[in-house]
Amino acid sequence: MRIGLLTGGGDCPGLNAVIAAAVKKGILHHGDQFVGFLEGWRGVLDNNTMPLTLETVDGIITKGGTILRTSRTNVRKIEGGLEKCKENIKANQLDALIAIGGDDTQSVTNALTAIGVPGVGVPKTIDNDLNGTDVCFGFDTAVSIATEAIDRLHTTAEAHNRVIVCEVMGRDAGWIALTAGVAGNAHVVLVPEKPIDLNHVCALLKYNHDHGKKYGIVVVAEGAKLPDSGEQAIKGTKVDSFGHARLSGIAELLANKIEEQTGYETRSVNLGHTQRGGTPTAFDRMLATRYGLAALDLVHAGQFGRLVVLRGTEIQSITLAEAISKNRTVDDHFLEILTGLEPAV
Amino acid sequence: MRIGLLTGGGDCPGLNAVIAAAVKKGILHHGDQFVGFLEGWRGVLDNNTMPLTLETVDGIITKGGTILRTSRTNVRKIEGGLEKCKENIKANQLDALIAIGGDDTQSVTNALTAIGVPGVGVPKTIDNDLNGTDVCFGFDTAVSIATEAIDRLHTTAEAHNRVIVCEVMGRDAGWIALTAGVAGNAHVVLVPEKPIDLNHVCALLKYNHDHGKKYGIVVVAEGAKLPDSGEQAIKGTKVDSFGHARLSGIAELLANKIEEQTGYETRSVNLGHTQRGGTPTAFDRMLATRYGLAALDLVHAGQFGRLVVLRGTEIQSITLAEAISKNRTVDDHFLEILTGLEPAV
Amino acid sequence: MRIGLLTGGGDCPGLNAVIAAAVKKGILHHGDQFVGFLEGWRGVLDNNTMPLTLETVDGIITKGGTILRTSRTNVRKIEGGLEKCKENIKANQLDALIAIGGDDTQSVTNALTAIGVPGVGVPKTIDNDLNGTDVCFGFDTAVSIATEAIDRLHTTAEAHNRVIVCEVMGRDAGWIALTAGVAGNAHVVLVPEKPIDLNHVCALLKYNHDHGKKYGIVVVAEGAKLPDSGEQAIKGTKVDSFGHARLSGIAELLANKIEEQTGYETRSVNLGHTQRGGTPTAFDRMLATRYGLAALDLVHAGQFGRLVVLRGTEIQSITLAEAISKNRTVDDHFLEILTGLEPAV
Amino acid sequence: MRIGLLTGGGDCPGLNAVIAAAVKKGILHHGDQFVGFLEGWRGVLDNNTMPLTLETVDGIITKGGTILRTSRTNVRKIEGGLEKCKENIKANQLDALIAIGGDDTQSVTNALTAIGVPGVGVPKTIDNDLNGTDVCFGFDTAVSIATEAIDRLHTTAEAHNRVIVCEVMGRDAGWIALTAGVAGNAHVVLVPEKPIDLNHVCALLKYNHDHGKKYGIVVVAEGAKLPDSGEQAIKGTKVDSFGHARLSGIAELLANKIEEQTGYETRSVNLGHTQRGGTPTAFDRMLATRYGLAALDLVHAGQFGRLVVLRGTEIQSITLAEAISKNRTVDDHFLEILTGLEPAV
């Protein structure tokens, strides 16, 4: 078979592992040929491609980013975009297309499948909020980087009797903040799913202060909001190419308010883009590899319009429609982890 | 309530996170008191204890090992051992006991529960082979350490056109070798579940050599065996205090055979104890924390004789009897990951 | 002898290693007793102390921060401060004082020595700009953290064809930017010692762009300045307790200007406090240990008013006066490293 | 100019950084052309080359190993070897040759220079024992890896009340053992420069045991020897292609003897090849870059027969003859660091 591959949306450690696994199994066991579209759907629109061979994918499992590069071009918003894509896929004589990406990317895969392009999806979201899978690759790497940073912040905060507010990724879902916050032993963890209660935050910090811990670590997801955050909105208007207000400034805003209310010296840090780059963790490399192999298997089984997912220890698949129907956010059940570890103030 | 805690068997990154989570939630939300038994069941036998308070558990989530230390004392093999344990648990006025450990440890928890000691288990096995749970804490850390080491071996092997055989943990189950081998992009991965086929190993290395890759990385679980491994048996007689032949020498043995058969310069390295120490990964910290919280919840719900487990994204529980009934090993389904990535030689 | 110890100024990975080394050698080989003053000179002023024993310093070599905590209290600016310090040092029956800190801290050590307090200094500056020593501990750790972050930024920048501007520490001296920039293979490195030439920055990025590298990494020291940086001044007015405008905003400012001038999508990230916390590198642990041992030796040799320094492979000492006379900045000789690696545009 | 480059001897993190720096400066600022000889002097003998361009060296600074690969072929031991090399260097129309390697490699560079080949040397020895330079690249990376492993061993040793003996590189010089041992807070550090005193080793471990530390970490250089080590000699006969008995087995031998004499459960681990692979530390990247730039400068200054070295903060050069005249070993002055931190038993 001739198979197309692309990566869309924000980059994520593990993208290259998916590509490598699919290409290896396809070439070594099925004699497949692979065409990589460059920069997401934009590459399909423009028929901008590179060949994918055993040599091209050799050793890329350890590399962050994506050798196919990526973009946020959404062909559904372009007049005649889907048809143009279908045409170019046909022009490349492709029997199937594997699209690695999040909501936006997969909504296009789904739409293309509906008009006869045999597509298979691989889920990708560093925020881990895609519906239908236990976990997405890239998330574990982001959490690891954030946790290591938080570990470091403890010692400097303690040496100076300071509060440090650390902003991590998570626009709509707080999985990174939750996991890195718990793993990093933060004193306060704030997620987008729940409005920030500044009094509660300060009460938690004060409890620690009164019990001998003169410093504090607050982990906040970029998407967490103060109830009346006019200021945040203004700061947050800088929108990146994905429509994300990635530099929301919530950490800086919150640090000022905490210092004001508690009198404790407070600083902020925003981990920003360092969370999404670099070599993937072993967990993400394995998960991404399994996704790549499973996507290739779906293609050869002729099961199109589906997305590979992790359920427990198994790779399964669901329909693309189900995957993009809603986001998976941090529910009360997971928030109980936080309350279990906090004093009741 | 007054609750006892112990850690038994080999140490594992994440033990301290379990302890910290249970103690924090118990003290902060239930007013519980905690007694830590030192060095596993030996501490129960000898009534050797330390108090566990918010101060004792502060910050230990980031530390490997266990503040309660551990041993492999199996009280079931000691005349009157179980009764003596029951007596000391009573003498400490404990309402429940949380035992963190593997097969051996939990078989004692189970036996004690049968004679009226209200026990709850938390699974621990760095080899990840305990039945009934998707994954055990410590495993992810071990895999991360092994993968990082394998990443390093690639560059030195390539610089010298060498084969390097890297031995990782895994006495009966090959989960670490499988995961670190795939994540570390090894050319050959060998697990205890399948006898080593030396001809196949050499054929894989030769395939790479003939296709431009003049070096090779072989990852082998310590428990993997050559079909006629008289030599290995002799080397493997060194048994540690857990009855494990941890230094099995399979890597060294295999390296000699590969060099002999292929003529490629071959070296070996055994990662040994470096795999089980040190700060846990974020994944293991979170999982261990959730286990600790859930064990405490079981205690307060009066659900004894049970073991907390991970199923998908949820923490659930199963009976101790089910958990210790058999091991979870790498099955054909998982071995297909390896064959999918290998050339068919 | 009875010896006092304190840590002053911003914290630095390695402070604990200095303390541990001095205390170990003093107790084990000289029968010394140690008193730790808490939070820098403030602890001397307020006679706020903790005992330092073999137990207190056990294992602290691996920990960032300082078990003595720190502050920026400058007793020379406090009426009667020096005399009060002298009095409290006498009240503790101390035969000598070892002060670990930078310019500000050592100017007090020097002033106290002048009025009869037998003081010895250990240099500390994460920016590595103290005069008279080849290198200060903490610097290598900061550079390592920054380099690892820059490594990560490469892959995400490349995946998106973006420029990323990464701000690192370095208020007056660009050693961290220079070293992490070169080690991190940045395309542009900017230091405080040289006004930023925006046209040159954009020309370098354009050169790469025209030669196939569609992304760019710019490393900028927090203290680097655009020639007419009115905006930066406004942003930089937030002053921390050390009088440092740590969040100078130069990365954000520069990113906007680069995007404006080149049309390349540009993002910024400020590594901030993550650079100064956490476990020290092996290099910093060894250097700090040697400083601690040498400071103790100076005390026992009765050589007061001196600062231990590294010269080549040797630990030597200079007068405190010489150390605080001026800063060591990046000179033309070191800037040639940058120009050697850059295209001549 | 047309310049040849080669890497000889054991690989070392940082080799690629030297290559990249020399090639970049040469091409960008002098219009030089570069020829890389593959696999050390063997590539010169066989005229086996690859072109070195800006593309070939792009991004290799972060990679361990060497893109030119390496070997231990010593052309001085081959009849007519030197003349053949001279001939091939001439055939490639080279104006100069930069050889990166240790004693053996540089003795050839020196011999070739004597017969009219304009050669410049860059020092490389992971053991850090080359005469005339403060430090060699690769050493810091090896020490970092070893220290991280030792950090991990502490927790597992402590959890089990065990002694763990950790073997690190260092055939004739104990720099890695000394530095990683001190940085890793080992209780005993053993170097090749001093015969192992088993009674002293056991006395140190017993002292700790009697003072509440029930575990012990011993770091031993592979080349350290027991006074009557007949057993070690037998085990150590396995000689690698560099003539090194890299798997000396001293850790295993010593562990047995310690357990025998103290009764403490003792284990061993040999870090082996993991120490020399993988991405170099920031320190090594910077040092190697500076060496590469300086070597290129020597070539353009026509200063042949010289080796670049680090002295304090400066890169200087010495004659090749001086460099290869003797090894730099750990002297009494450095051993005092160890005795300063140990109890006097």
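Order of writing sets the labels: A, B, C and D. Residues in every chain begin at 1.
Simple rule for what comes next: a contact is a pair of C-beta atoms (placed from the backbone, for glycine too) under 8 Å apart; a residue touches a chain by one contact, two chains touch by 3 or more.
Chain by chain, the UniProt names read as follows: A, B, C, D = Pyrophosphate--fructose 6-phosphate 1-phosphotransferase.
Nothing here was measured: the structure is a model prediction, and the numbers come from that model.
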Figure out the least number of contact steps between chain A and chain C, where 1 means they touch directly. 1
Name the chain whose C-alpha centroid is farthest from the C-alpha centroid of chain A. D
Which integer distance in Å separates the CA centroid of chain A from that of chain B? 29
Round to the nearest whole Å and give the separation of the Cα centres of chain A and chain D. 41
Can you tell me which residues of chain C touch two or more of the remaining chains? 151, 154
Between which chains does touch occur? A-B, A-C, B-D, C-D
Residue positions on chain B within touch of chain D in the complex are 7, 10-11, 13, 15, 39, 63-66, 69-71, 145, 148-149, 151-161, 164, 240-241, 246, 265, 267-274, 276-278
Looking at the complex, which residues from chain B come into contact with chain A? 21, 24-25, 28-29, 54, 58-59, 61-62, 134-135, 140, 143-144, 146-147, 151, 154, 179-180, 182-185, 211, 213, 279, 281-283, 285-286, 289-290, 293, 311-313, 337, 340-344
